[in-house]
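Shared between the two complexes below is chain A, which has chain B as its partner in the first and chain C in the second.
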Partner chain A sequence: MAGESLLPPLPNYGYKNMAKKKPVIEFRNLTFSYQLQEIPALKNINLTIYEGEYVAILGLNGAGKTTLQLCINGVIPNMIFGDFEGDVLVNGLNTQEYPTREMAKIVGMVFDNPEFQLTQTSVAEEVALGLENLGIPTVEMHPIIEDALETVGLDGLQERSPFALSGGQQQRLAIASALAMKPQIFVMDEPTSNIDPIGKEEVIAVAAKLNKEKHMTVILAEHEVEVIAQFADHVIVIHEGEIILDGTPHEVFAQVEKLEKIGLRVPQVTEFAYRLEKEYGVKVKEYPIKIDEAEQFAADTFKK
Partner chain B sequence: MSEALIVCENLTHIYDGEVVAVQDINLTIQKGELIGVIGQNGSGKTTLVKHFNGLLKPTKGKVFVNGNDTAGMRIQELAKSVGYVFQNPNHQLFAKTVREELEFGPTNLGVPEDEVKERVNKAFKFFNLEKYRESHPYRISFPLRKLVGMASIYTMRPDVFILDEPTTGQDHITTRIVYQLIERLRNEGATVICVAHDMILLAEVVERMIVMRDSQIIADTDPRTVFSDKDLMASTHLTPPQITELSYRMRDNKQIKNLALSINGLLEETSKNFNLKRSK
Partner chain C sequence: MRGAVIPITMVPGDSPLHKIAPLPKLAWSFGVLIIAFMTRNPAILGTIILAGLLLTTIAQIWKPMLRVMIVLFPVFVISIFLQSIAPAFPKPWNPIVGFGPFTIYQEGIYSGITMFGRAFGMTLFAMVTIMTTHPSDLFASLEKIGMPYVLNFILTVTLQLIPILQREFGTVLSAQKSRGMKGTGFGAVLPSMVPVFVGAIERVQQLSISLESRAFGSTGNKTSYRNVVMRPSDYIILVSGLLATFATGYWILVDKSLDWSRSMTFSPTLSISLVVSAGLIFTSFVTIAIFKIIKT
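Let's look at the complex of A and B:
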């Protein structure tokens, strides 16, 4: 059924005003194994993502982040097959029943290597490609393309070859192409792993803008915990195919030992506060995760 | 004691007769140094380091490796002294199995078979790649493939290791393997040159930083000096690690005196200033 979840939310999920929020993605007891693989890539996933959230997925390479993301747009199990048990609902629509082609209008996806996604000879054509696939008449495309390119800050580069763009620009173009289809949910799989620091900031800023200004639900797989701390409002940690932590960034990053045990780290300022507490007995009320919080923490802790 | 290993004299490289990629570079790298080369994409850093193993030859000026002018040397000769690990392992790997990939370099250099075997086994252990011994390099994930790229150079035991963006796309565990590799290479007396954007690597691991902008070296000094120079950082669009940013602010707020580049550094600085005692 569309709308309300039949399952109670996970117990440690302390989101404010949750009652007002509408669930947009629900995983219900999902277990998935790729063909010819004995070990499931995802095990017993129960997860609710609410409209407008900025969700970060954290986990080691091979933990199941990409698999989880491919379940959202229905590519798993409709195009990549395997043993799929349980359900994934997007806007209340079951991904196994709803055509993947139609789901592409709801869920936009951007991958880690923008070069693989780019095929056209100009920036404008690249954005037009997805619209053509949706059957949008050429006359209507122009304003949509302009709008998408403006949102990602590539206006003026319409005629440029996608391959003459910097890594950050290419990734923003991949975002614009997905954005033109006006998805409600944006899924990004390590979109900054192959670009330089400026490019990284550009892409992260665009993702934040889509979330804050366009109120899109953003789901980002990312290794850099300081970036997650700065932007996300919901963090999911996956380890060996299972969700082991699910909560606000403060809740998740407070689990320093649990994260370190599986080989993940917390933001540097969090580790600093954690070690002040453990090694020097300094009292810490709440671990800072962002730089401004850390400055405040230092001011409160080190009053002369 | 120092021994010049790589010397660039007025090195200029121009692509296709018009694009100046590096201009008038003078640089000496000593044996055993641990160097970070940083700068935005297009600043010339990859072009610069590709001259060290002969992948590129100077348009003008000279490059010497171990005292020999690279202009007259073949890349195979240079490969003995300088190993280059590509940012993208797809540009480097070609064998049918990971094991063959690791064996290829030393075998090609004429290392005896037993010794090759031993080096390969050691590398599998160190890089934690044993599971993938007989896998096709392109059937394993990109981050692991990157480790294979490093391992296949490591088995050649060159004097100089050039690592181009070794940590991008890596998770925390494989990043740690890369840091350990750098430490081990250093203990073994190798010279390590990392082209990197990874600010934690630069702040905590390297000892000398070469900062490039617009085809030139604009700074060549220790990381502390680079990270202390906010104008320099901003002009190259480099953002310091979060802990360094906190240390700037704590210094501005008069809570500490000296800039810290790492968590350990800031703990030390803070405990000194506030007389904190270790609880155990």
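Let's look at the complex of A and C:
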């Protein structure tokens, strides 16, 4: 693993515990450059993602987050061409051998711009599109569609035009459309970048729900570190096409200096503890990353 | 540019016409199309128009129909003006009146009226069909009678893209304005085309990736969410449409007395007033259109 050796293993928290679980996605020595580009977008990626994980991919714009995600359902190298070396195995299937439309049965994908993903004249038909392509009988479609719309909180809007929805609703519709196909793996590429704050929370909450309740493997590219800290159990940091950190949120966000050097932020509570340690010599056993952890940390520290 | 689009889409409603399945309506529309091109008889064409207007009333879609016809009617009317001077009709032509180099012919008026009748009648029926049918039902029905799925899909997506591109066009125009470029008139439209179309290509690329991610085009059977049910009444309407088309077509072919082109005569006063009013309707329409384009 690329970043593994850098990090001290933590008891009771390491994603290594996940190792008991089945690996669902494996990147093996993957290097990819887009057509007519000399600098590779991904360099020597080695990564394993286990079943049921909530994986967050963190990185600056252009770091390679989207490229990495597009490799999972085979858009790269089957639809977007370039120099592709190495292998990506999803559920044991090599993405180079299976086109995206077949991988779609395993991998659901939601992109950053909801409008670019909607094509139908009504919300229900939008969700039905994937089911039609999978050949689900019409009678079975209705409960699936209702269930998917309920999961994302869009029930009752079946007959509305997708283009008459708000940004957050559109993105949740895109999620429902992918969700209805019951994929094992759910990939979301900055799903909140084009929507308002309330819409953001809605989308993030839905993603967490899919992971916790429907036990899907969720892979989310996201800028909001607070969100990542709250939900993810595996964080990958990409910089200039390379994985530089790979571990649990606690492991990754403990590397405050390293993250700040490449221009990434850590959760505010983590930074607070980091500064206390740096400037006042306060001993920090483990950096808090969530509010309740920070509360505990503050209580412990100031009691002394 | 916004709001300039003709509302050629379904008008929600609860009329008997809304309840008929798409195929019978399509059958009648195509029947009318065939008959309208088979005959030049003003009485048959007039009946078609009257029937079309009656259906518009039954479907309660007068308002949207008027909005469509405001644009199309002047285009239909111009055929009376053009045909009267240069009839698309075998010679000899019988002149009625002459103005310098222009002569109005009997056959021209006849030909103009029939062409107007054809276009108007066909459009009425087509519009009633479109305005009373959900597009998805229409496509689902077309697919049932053998239209390829992909072709269908292209139609659906195109319909969806039009308003989006229109909005993008507005955004680009505003951006041009805010940077001090010309934001109004025809001169502003051309430079805006490039960003809009580049954006459209990018959008289509994204769309194709997102569609494949939803198993579009994957192997195996494809099912359809919209299941259009044909009730017995729909079958009756469908069959009667086919029969009516066949019977009228046969009548037109057999009964030569339906050709009134030589027997019908127009008085000079009637001819002149027809041609002048057709010309006026058309020129006023063009003037308003140009004025609107300049203004936006």
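Rule of thumb we're sticking to: the second predicted complex is superposed on the first by the 287 of 304 C-alpha atoms of A that agree within 3 Å, B and C clash if a C-alpha of one lies under 4 Å from a C-alpha of the other, contacts with A are read in each partner's own complex, and residues count from 1 in each chain.
As a working rule, a contact is a pair of C-beta atoms (placed from the backbone, for glycine too) under 8 Å apart; a residue touches a chain by one contact, two chains touch by 3 or more.
Everything numeric in this text was worked out from a predicted model, so none of it was measured.
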item: Touched partner set for A:V269, first chain B, second chain C, both or neither; value: first
item: Partner chain(s) touched by A:E115 [first = chain B, second = chain C, both, neither]; value: second
item: First, second, both or neither for A:G62, with chain B first and chain C second; value: first
item: First, second, both or neither for A:E295, with chain B first and chain C second; value: first
item: Partner chain(s) touched by A:L129 [first = chain B, second = chain C, both, neither]; value: second
item: Touched partner set for A:V237, first chain B, second chain C, both or neither; value: neither
item: Touching both chain B and chain C, residues of chain A; value: none
item: Chain A-facing residues of chain C, complex; value: 134-136, 153, 156-157, 159-160, 163-164, 203, 206-227
item: Contacting residues of chain A [partner chain B, same complex]; value: 59-62, 112, 166-167, 190, 193-194, 196-199, 201, 223, 226, 263-265, 267-269, 271-272, 275-276, 278-282, 291, 294-295, 298-299, 302
item: Chain A - residues contacting chain C, complex; value: 70, 73, 75, 79-80, 99-102, 104-105, 107-109, 111, 113, 115-122, 124-125, 128-138, 141, 163, 174, 177-178, 181
item: Touching residues on chain B, where the partner in the complex is chain A; value: 40-42, 141, 143-144, 168-174, 176, 197, 199-200, 237-239, 241-243, 245-246, 249-250, 253, 255, 263, 266-267, 270-271, 273-274, 276-280
